[in-house]
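Chain nomenclature is as follows: A, B, C and D, assigned in order of appearance, with residue numbering initiated at 1 for each chain independently.
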């Protein structure tokens, strides 16, 4: 289990959200100064013991205070109003006199930024007076430089994803929080589950899965390089790092070479046993290395055994590899009646996958016979199935391609409308459920129509048009 | 806990979700001796017991089949009996993201309705979380209570869910025997703004509490937003979930050359016909002339049987039969097709956060 | 030019919209009875002289009157309210007592349907009283049977498309009015234009084009069968039939065989000249046939000459054929700086086309050299271009795939929201503009990057995954 | 008429739309002697005169090029100087559908704004139609007037457009010298409900008149709807235009097998390195032993130059360079990609119809 607390503590991970909507990640080392550039700086110690999500004002250099809710509400209202003014029919001509007047007022008045904005935007925001909008827009831009405030957000699916999309969207395969949460929901992610995951989003998705289950799960991560790229995990805090997760028994990792050649992978990792005598003679460093290698071998052996056992509660695939090349290797390991979820930034990739999955089938029982000697205690029904293994195949049903996204609105009195522009990129999700079909009955008469196996989808690729 | 833990085999007494056909799921309580019937035949429960979850079951007469799936909140949402408009999985999943519903979260839900949201919440918050669900409507409450009991959700039977029959707008959320403090609140009520003032007693003292008001109409959202602000909630956001479902399909690749070939065949066909007709006309004319009969016959139905041309235009014939999608005799390309009926709107989702600093405000103002 | 009138006249085409939202098409022959089934019947003569779009009530058998706007407004409001009740959170349990009470009330009161609905739905429509909703829903269903009203709509893009989508959506390639109007707009359809059209939507699109331009245009329709399928045209009235359009000089038609083999097509249609003497000796019927054939030949010759001249002001393609196979034959006929629009029900079809069009180029001037002797009067600039014809190629720029659709709302006091469910199918539009590129300058250094010609898009079709 | 009729060649004095790059268009008035400059160099107008519309023009130094396009309302919308938020082509096209804007339609438009809608209307209604456009803002009016004159739109110069400087909300739509009766009305005003009562004088007596109110906020729409109903308009509908633009792109096809091959190469590479290191260690050890020096060196930087393995892992190298989309050395599949910035909302569109029967109502009520 992974701990979470609503209170900011030493070494807590925190996302700092600035008035400009920029978002930064920091791990709060004690007695450290965090500089927010033009927004000021603060000492980490002053955040310890405070609640996540609060808004803080840097009211004097390096001094912070929690803003009361009413103050926060006013700021929000102003920010929304200004955002709307920028979006909404405000490309008006603005006289230089008006701009100068505003500048003068702000400078002479010596107003704090937020007060200046409030004063100016609250004045006659009717639709007829568009020039005022443009003024407010101008003030807002200035205002962002004066507002010395920030919010301290707790890492969570939404915040971590927002941060990653802003900073390196291609590293996370442009995965939105909406897609992640939908996959977790469709995948029936629940405490105690055992999941098979291919995650090339820097493990952004894996982090979300672990967050949702509070770490109460077992995950096998299959990855394409020698070591997994799990750089997003640390954004949830140090408990979420790969090392920590492996140590807690939550995470197992396997690369594709280990998946396809378990015996050879084990052989490569094999370390000859040393006698007690030899061990005692070893230098400490050599002994540590020996023990480390022994442990690695044991872990790989255990990971492989667990993987071979199959029967995972769901398979989640977020990979830059062609989905079908992943699925061919992993689908047999998914339990019957369990969901399979595949993410792609492109609908077309999933359309192809959908067509191939429609035809996909796998003889049932073959994977079990590999470790027959391990399954003696199994139920008679299962044994019976194994006896007639050729009569059953694994298939997928309920295949669908999903597009999910959210459409945010401005909600202000007299000025309700959807935001004018939003992020356009989004991914797609393919879902299905694994079942066992009887080969014998598949030919029966009144069975629902199904596409002929191997029906030709001649590609138009090189043919003349 | 909700439904049961993952299991491999169907047992007597289990609730299963039976897949009957595309987009057709039914809940099925397995009771030895019972039989399920549909248009493909009879499916005795005795044949299902001991089978694997996910396994295909043939009807007794082998005329058709169903699949037995282990229930999940998502499958239940597709199979459940509708007592009210239900909350669908896309909305549920976005609400989970925004309300930070995770293992251990304590949640208030009002009203229970058809309980599709309740099942998803109970599943995700798990054994260390808690779901307080409220339903005003008496018979819906009773039905939900029975359902929660059957699905092992109630806290009295080792679950995490407490269902209360209550008009929360009038009587609030308090539960006699415990002080109720939650991390998340979901209001699916006709007038959420009436329930909002009651919630202030139940927000976290030491952390944020998040709320979602789920309302179909814009005006409801506007009222709720005002009520939330008045109660000291901040970060008020509103959004709609836009959701589409696509199926992979194939569409034919037909080139202009194909149509040109067909036009040529038609032309050949006609030319042959024309030659034959000319020949026939000549013969008829000779016949007529020999019989001293000048009546024209070309435009009237002709009794002389006309042979089909030697090369029948195969493509034309093909056009007359219905071509099965993906037929190997034709060329196809892969496309995506959306459902012909699109959910354009379910509800607007209004979110807000309550922070401990607001509680300072309140104590200040009462001081 | 095609005439239109806001007044219904003898032989006017009319779409009858019933309270059930069903829509029917009739041509109003004089002194005819039109039966609307359970909604009653009326005599066509009673509609002549009335304005299109009005709502009529059948107040006595076969007697109609125009409903005043206020009455129409009330009906609309009720209909919307009821529609909402059906959509919106109304799957409530309803007691049989309640239903019976309603039935009794309607029967005993002897109310006209609309009044019954008004009375019942206006009563306490608060969100708290959901059961009342269900009642209203019930009443509405009954109401539809009692409301003897209809609207008489003028044929137009929106109405004709609505009718066709309801009656035979595949015949019109699922073309929505939104797609048609967007193509017309992007295609710069304007009075006086000369357009090249491939339209396999039963000429639904062609009808919309002619409607928008009031027939003030010249259109060449290329079609795949011996005769074009133009069955939708008559829905705009008899002036819009193919025969009438051809006669007025608005429409020219060519099939693909004629397009690719003009000489042979003409040869096939050739009729030997008869002398005056021979003509005088002919039977009248034979002479008519001879003259008809001569006219057909002349028309084909004119159509082909016009087509060969090219320089069309836009190309619109709505075809079941692979777009590129159409475009390869027709793009050379489009004028430079002129738009090209391609419709498909499927985005993927247009993605393929987009990729191919990106690579498409055509030597400029070649088509002109075919009829060199006809272009003597051309400007010196053009001649200069022809001399250096190998240096110029036709290409397409500004290629984009568009998705356009409308999202309808219910707009009622206190009950504003998007409709709960709408039609899901919709098409996509590919647009581009034809330009002339210099082959010589294309290799120059600082030119914007372009994809290498013929860059390999190896299809994943048959390769192992 | 608006712009000019279709023409083939660019003449001195023409307005052209210059294509500068993807999504980058500029209006260009051709004046012999002038020169257009951009980052790719100089483009003298004299080189453009006499060229074909659509033709590519190279900069003097042949460093880059532009295309000269003949203006259309749609290209103008992409190129025009923004004086206000503009109405974009997707909205325009739906408004045309709903308002039945065709050849010959008489239209009122208020306000003119940046005139993107004005150009489209003027084009479509053509010589037999009429556009009455109203602008309140003085300098915007002046600019639009000059623009309409330049674009041959004004009725005084054989066009179909009449532009009036007027606050229609206060002063209505009447034009002194003529009685104004129109088929369609487009209101893009901050408070359309103030203009609506003035319109009743200008609706058709013998046919329907259609109206569109174009407003960004829901509340504006609600007020306008009330005003329309009060003025006797019916068939009140509201909608939003949802519009997305996609580009065809390619994405790489990478199979798990490819990654497995790379893993094998890495392993081979390491094994070779390991063998070499072992050999080197042995040598070093001998060296050290012979020099009676037991210091370990394996973990410190080694000066012995290590040869690269015989077979360099080409794929790894490839991964380091940026792969150009569509590179022939790789396998690709076709996909569609949406613009990264999506227009989520422009305005709500409110439509209604006015019918002659309403005029009967009015005469009745005044009788």
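The working rule: a residue touches a chain if its C-beta (ideal position, glycine included) is under 8 Å from a C-beta of that chain, and two chains touch if they have at least 3 such contacts.
All values reported here derive from a predicted model rather than from experimental measurement.
**Q** If you tally contacting C-beta pairs, which pair wins, B-C or A-B?
**A** A-B
**Q** Take the average of all CA coordinates in subunit B, do the same for subunit D, and state the distance between these two points in whole angstrom.
**A** 35
**Q** With chain centres taken as the means of their Cα atoms, state the distance from subunit B to subunit C in Å.
**A** Chain centres of subunit B and subunit C, defined by C-alpha means, are spaced 32 Å apart.
**Q** Centre to centre, by mean C-alpha position, how many angstrom separate subunit A and subunit B?
**A** 25
**Q** What is the distance, in whole Å, between the centres of subunit A and subunit C, each centre taken as the mean of its C-alpha atoms?
**A** Roughly 45 Å, centre to centre.
**Q** Would you please write down the residue numbers of subunit D that are in contact with two or more other chains?
**A** Residues 218, 240, 244, 253, 255, 257, 333-336, 348 of subunit D touch two or more partner chains.
**Q** Scan subunit C for residues touching two or more other chains and write them down.
**A** Residues 322, 325, 347-348, 351-352, 407-408, 416, 418, 457-460, 465.
**Q** Treating touching as the only link between chains, describe the layout with one word: line, ring, star, complete or other.
**A** other
**Q** Mind pulling up the subunit B residues that touch subunit A in the complex?
**A** Per the stated touch rule, the residues are 5-6, 8-9, 19, 21-22, 40, 50-56, 58, 62-65, 67-70, 72-74, 89-90, 92-94, 96-98, 100-104, 120, 123-124, 126-128, 204, 206-208, 218, 221-222, 225-226, 229, 232-248, 250, 253, 255, 257, 325-328, 331-336, 348, 350, 353, 355-358, 360-361.
**Q** What residues on subunit C touch subunit D, complex-wise?
**A** Counting only subunit C, the residues touching subunit D are 4, 6-7, 51-54, 66-70, 72-73, 76, 156-158, 177-178, 180-182, 184-186, 188-194, 211-216, 311, 313, 335-339, 347-348, 350-352, 354-355, 358, 379, 381-382, 385, 392, 397-411, 413, 416, 418, 428, 433-438, 441, 444-448, 451-452, 455-460, 463-465.
**Q** Using the touch definition up top, name the residues of subunit B that touch subunit C in the complex.
**A** Result: residues 82-85, 139, 190-191, 216-220, 240, 244, 251-260, 262-264, 266-267, 333-346, 348 of subunit B touch subunit C.
**Q** Using the touch definition up top, name the residues of subunit A that touch subunit D in the complex.
**A** These residues of subunit A touch subunit D: 88-93, 126-128, 130, 224-226, 255-257, 260, 268, 320-322, 325-326, 329, 345-349, 352, 407-408, 414-426.
**Q** Give every residue of subunit A touching subunit C within the complex, in rising order.
**A** Spelled out, the residues of subunit A in touch with subunit C are 322, 324-325, 328, 347-348, 351-352, 356, 457-462, 465.
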